[in-house]
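Below, each structure is written out as structure tokens.
Below are two complexes that have chain A in common, paired first with chain B and then with chain C.
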Partner chain A sequence: MTGYLLRRALGFVLVLWMVTVIVFALQAIIPADPARAITGPAAPAETVERVRGQLGLNDPIPQQYVRFLGNLARGDLGTSVRTRQPVADDLRRYLPATLELVGAAMILGTALALVLALAQMLLARSGAVRMTMLAAGSVPIFLSAMLLIYLFWFSLDWLPGAGRIGIRRFEGPTGSMVIDGILLGRPDVVGSALAHLVLPALALALPLAVAVGRSLASALHDVLRQPYAETARGKGLPEYRVVLRHGLRNAASPPLSMLGLQLGLMFGNLLIVERTFAWPGLGLYMVQSLASSDLPAVLGVALTFGAVYILFNMAVEIVQTLADPRMKL
Partner chain B sequence: MTEPVVSVRDLVADLGREAEATRVLGGVSFAVGAGEIVALVGESGSGKSTIGKALQGLLPQDAVRHLSGSVRIDGTEVIGADPRTLRDVRRRLVRAVPQNPMGALNPTMTIGRQLAESGAARDDAETWLARTGLPDPRRILAAYPHRLSGGQRQRVMIAMAMVARPRLLIADEPTTALDVTVQAQILDLVASLRSEGTGVLFVTHDLGIAAGLANRILVCHRGQIVEDGPAAQVIRAPRAAYSRALLRARFDLSTDRSRPLPTAGTAEIAPWPPVAKGKSWALELYRVVKHFPAGPRGRWGRRQPVRVLDGIDLRIAAGECVALVGESGSGKSTLLRIAAGLETADAGDVSRSGSVPPQVVFQDAVGALTPWLPIGAQIGEGLPRDTRDTCIAEALREVGLDPALAAALPSELSGGQCQRACVARALIRKPSVLLCDEPISAMDVSLAAQVLNLLNDIRRRAGLGMLFVTHDLAAARLIADRIAVLDKGRLVEEGPSEEVVTSPRAAYTEQLLAAVPRLSREGLA
Partner chain C sequence: MTAFTIPFGRIVAASLLAVPLPAAAQNVLRVPFSIDIGSFDPDNAFETQALSAINNVYEGLVEYIPGSTDIGPALAESWTISDDGLTYIFDLVDGATFHDGTPVDSAAVLASMERRGSETMMLNYFLWNVTGIEAPDGDTVVFTLGMPQPSFLDYLSSPWGPKVISPAAIEGNPPEWFAENAVGSGPFRLTEFNRGQQYVLEKFEDYHGEEPYFDVVEIPVIPDIGQQILQLRAGDIDAVPTNYPWAQLAALPPGLELTAAPSMALLFGYVKPGSPLAEDADLRAAVMTALDPDIWVEDIYGPYATPALSLFPATMLTPETPVDFPSDMASAAAAVTAAGGLSLTIGYGSEGADDVDQAADIMAAQLAAIGVDAEVVVLPAGAVYGLQEAMDTAPDIVLTRSVPDAAHPETQAGVFYTTGAILNLMGASLPEADEIANGAFGITDIAARDAAYAEASDLWIEAGLFLPFADVQDVVVHAEGLTDLGLRPVFLPGNIDFGTVRFEE
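After this line comes the complex of A and B, so read on.
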């Protein structure tokens, strides 16, 4: 276990370092000028040049990169061109909202995946489940997000379609509205936050549910043909117990890997979903930063996503090991 | 006989997908009494395993086209029963022990929980684990299956079946996947179940095992029971022609090895002609050492090396056959792979005569052929184009196949034909050494006899050096001039075949010999 954690920590640093190299290379290629972005389009050329000098943009790229790494080691990600705030502060402000949304989407997606896979297993030869999964998997996220808004907010008005909460001026210790509401004993906050979570989380969860569900269904299909499943049937167990007790845990590994991979795709979808549902998280921050070529902010978000992705996949590997006693970290 | 616990009458089953249905069972009738061990003997495809599945009500539902007749177990009718009744029958009345225990236990559940699921109270589970000869039942109950060896797992399977106190125990070739020494222990254990009053239906392809274990023998052929009688009588004076053929094809440690084995249609067999042994060595292995990373993991997750071959010296002359005998994990397959050049030794020397590398004949003949390439194309791969077709035809004739089969795909051939094609593929390169990795262990006796005859004939005619890797001492004695016994990576014995079998020097060889099932006709009288 210690060896495993050491190896993974090394990989963690390596991947984050690669993210910085990629984003820095982008910075060198993209013809956007942060100095011009700060001073505004009407500023005289001398002012722009002075700001360039202050920002160190006239130094050679390797020197800029080394300076950046030094700052990063101290937790300084630079200053956002757009918000004029330290990027680290911006990230701290927007991260909880995104974590809450991603967490909800993960839980919802996994639950849906389970339902889809079991439905496909137990309703044998049912083409309907497969068709539903295929259809749900083929709808692009911007379309499904807009459909959800149109149906449940605009047309039926069952659920709110924008923002995180319907209550003004609520602050909690963790930044996750649902958890804060529970901690502070405010059922109104929990209710409102959950209602706001449903639609964006569902939009993010659909592609995840289809991918993980299909992976689980095919793993279960194989597992239920294994001799030990036949042994279980030979004991006179009903089929649902064979699936639940002997099937699921043995079939867990491939869908768990798929869940880890899907997180990366979800970060891409996050930009669209947070924009569509006006969700004040890192995705929305990223969209706005990209529009104003705010490279320090983009770099900060990319590093955060990278870190979360690696940590989550580490957790997946640990869970896989716990699920299978033959595996050792 | 007392009131039978199982009576099967006119059992007919058609199995198949879609419209293609084959009659797998064509009117099977028999009975098993309480405390009686009945052996169901037949070759692969005879329908013997289908009978076992039908008794449990576990035939794959989507493959059953027709099922009729009657199976009464302790008064309950199984054929046509609803799923609920069938589950009840499986829980209380019929239990099964599988062919391969390795995959038959859930890898992510402790043995204790799997036994509890089988309806065992904790004390009961412990008692039964102890009765099957497992040391320290408490530790086993808490363990996961991967901690146990194959033999231990099969004991657990037997305990798991017996805790339910079933009226009938179906054991479907429960020892074929196990090492010979373990096989003998499991057979003793099954024999001891007689006292429990449970009827045992023991499915096997080996008449020797059946003779040593069963009260009665049923011989199954093409979905029919062709013979049903007391074990001694079936072995001594079989009535059905098929039973006689099965008995004749069977070989053991006392079979005449001076001539080819009798196969169907052969009356008088001339002895093998003497082989002109070459003076040169076809294959020399000198102090071969090999490690595998299989030990416990170190700090950085790398496994410690474990020595699987520990200084092996082995030499094979041209025209000579050496059998390498050992149980699973002895390192015999690794040694063959090193001789073939598929694996490199960590230390020691391997030298081969001739320019053609040794060719290998594998255990799984069907898996050793590419499914979408015609046989001929696979045999002749890499030969010069102008003489390829004549070479392929000649190689096919040499292994007793019709040259017209060159255009056939592997799926159109039987298992035996596939193994012949594999031999042809090995021979066409004209190697000086042929390496055979358990080429007959997955075969029925009559087929195994044919392949043994073929390999023996070829190495005698072509003057090949042959390494024959096997776990079966009877087969080793028949084909090989010398036998080398491998135990845990060391050669514990090496000598002329007859000598090793009649007067073994190593204790391990004696153990292997004692475990070979024999048809002692005298003992049955």
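After this line comes the complex of A and C, so read on.
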């Protein structure tokens, strides 16, 4: 376990380092000027130049990069050129909303994947289930997001279609509305936050549910043909108990790997979903920072996404070994 | 089963209780921003949509009157200009106070102007010509200029122009505090700054001017225009201030209406110096024939835009002889054939609006009709500012829809067209036009000034350096009955004046 943690810690640092290299390389290639973006189009050249100097943009890229790494080592991610706030503060402000949304999407997506896989295994007409999964997986996320908004909020008025909460000026210790509502004993906050979570989480969860569901169905299909499954059937266990007791645990590894991979894709979709649902998280922050050529903010978000991705996949690997003792960390 | 349904029912009930009542019933105006506020500091940020909020929290000495380019009083009730044009004396209104209770006086104006003029402030260039500011008494402020500048009042009236901030707030807080807090003297106080989510303004009870109709203005951040439209239709917001699809304006859903107002938004094109279009008069005439905005402006904007009259917005100046695009398509096609064909690229920044995208596509199709091989390219965000460093790969025409800083033609010519102008993106240079434009800088007679700038405009167009296409109106779609939106031509489109807007009784 110690060796595993050391290897993963090294990988963690390497991956984050690569993220910084990629973002800095992009800065060198993209002809955008953050100084012009923040001073406005009509600002005189000397103003733009002064701001460039303040931001250190006149220094060679390698020098800027070394300075960035030095600051990063001290926990300083720099100042956002758009919000004028320390990027670390901005991340603290937006991260809880994103974690809450991603967490909800993961739970929802996993549950849906399970339902889809079991339906495919147990229902007689599993072709229809497969077609439904394919259809849901092939709809572009911006379209599925708008469809969900239009149907469940605008047409039926069952659920809110935008924002995190319908209550003004609520703040809690963790930044997660659901958790804070529970901690502070505010059922109105919990209810409103959950209601606001459903549609964006569902939009994010659909691609994940289809991918993980198909992976699980395929793994179950193989596992349930193994001799131990036949033995279980031979003992007279009904099919659903064979699936639940013997199938799921042994088929868990491939869908868990898929779940870890899907998180990376989910971060990409997050930019669309948070924008569409006006969800004030890191995705929306990233979209607006990109439009302002706000490199420190973009780097901060990229590092955060990278870190969460690595940590989540480490957790997945640990769960995989728990589910299948043949696997070693 | 019971254990599950009871909490869920409570949760649903609680969430229903949390849904706000209709905005109008609470005398609350809800207007979304599609772009989050970067900084609320009136001196140190170039905001676009947030102008409406900033200009309702802070006031300058003077301001543009809604619906016009006329300058009216704000914190200064009157002003005089010396005969030599070097001294501006402002008399302040009586009884104005800041939101923190500090009285608005000449010392406060001085402190704010010193802040604005400071080297560390991004928008200090608005006071570039000011050599001295004095406060001879509590109600009077005197500005001394380095040279006569007839555009000075326009700079003070600009939506990005100098604002007066509570001196107590300036003294008591670091500069970065103003990015998320505000203490002005306008009709509204900034009471909630919830970045990325919502901003709230509340009526300032001691406002010295006319009392606003709305008690509260809620500004949710809703980046997606589809989401904004649905929320407007559902009654959750009261207006979609900008970017409502032009093609849908002709058939708005029941309960919605629009307000269209003159704007300084001008759709025009930069032509790459050295391209065949700039070098060959016959080809230029042929291309202009195909690009004639008379043919396509209505297709994009409906009745909410008109073909441009010159390189200056029609609300800024009306030339005696508007630009004339040729109309003989057969001759244009013959000229292209005679030249052995022509290839052109039309570019625009990816941050451009949908109408610019549509205009580029229509132009390409029009050019194809006369035998030009035209291609549309989308430039990465911010790339238009670096075109001069990459002229080899720059498009032949770059489209933009821009608004100047103020209503004086100097702010258009000196920013977009003269040699070395900061937004002369292709580095065009025509000394004879520069001479006329620069000479017009000091002219105080409006007709003579406008004639000079119009002449310069003709020269730039004749030289094939710039092409004007359309004067685009400011269109706000809103709930039925919302009126007096206070739209000002100089403001970027969609900047509603929260101090004037109201529901019809």
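Annotations
We take it that the second predicted complex is superposed on the first by the 327 of 329 C-alpha atoms of A that agree within 3 Å, B and C clash if a C-alpha of one lies under 4 Å from a C-alpha of the other, contacts with A are read in each partner's own complex, and residues count from 1 in each chain.
To be clear about the criterion, a contact is a pair of C-beta atoms (placed from the backbone, for glycine too) under 8 Å apart; a residue touches a chain by one contact, two chains touch by 3 or more.
Note that the coordinates shown come from a computational prediction; the quantities given were computed from them, not determined experimentally.
By the document's definition of touching, of the two partners only chain C reaches A:T276; chain B does not. Looking at the shared chain after the overlay, A:G191 reaches chain C, while chain B stays out of its contact range.
By the touch criterion defined above, A:Y285 lies against chain C but remains apart from chain B after alignment on the C-alpha atoms of chain A. In the superposition on chain A, A:E230 makes contact with chain B only, not with chain C. In the superposition on chain A, A:P62 makes contact with neither chain B nor chain C. Once the two complexes are laid over each other on the shared chain, residue contacts for A:G75 go to neither chain B nor chain C.
For chain A, the partner touching the most residues, choosing from chain B and chain C, is C. In the complex of the two chains, the chain B residues touching chain A come out as 56, 58, 87-92, 95-96, 98, 100, 103-109, 117-119, 144, 146, 157, 160, 164, 297-301. Those residues of chain C whose C-beta lies close enough to touch chain A in the complex are 10-15, 17-20, 35-36, 38-39, 41, 44-46, 119, 122-125, 128, 160, 176, 179-180, 192, 194-198, 200, 220-224, 226-227, 230-231, 233-234, 351, 380-383, 385-386, 389-390, 402, 404-405, 411, 415, 422-423. The residues of chain A lying in touch with chain C in their complex are 30-33, 36-45, 47-48, 50-51, 82-85, 90, 93-94, 146, 149-150, 153-154, 160-169, 187-192, 194-195, 275-278, 280, 284-285, 287-288, 290-293. Looking at the complex, you find that chain A touches chain B at residues 2-4, 6-7, 226-228, 230-238, 245-246, 249-250, 323-326, 328-329.
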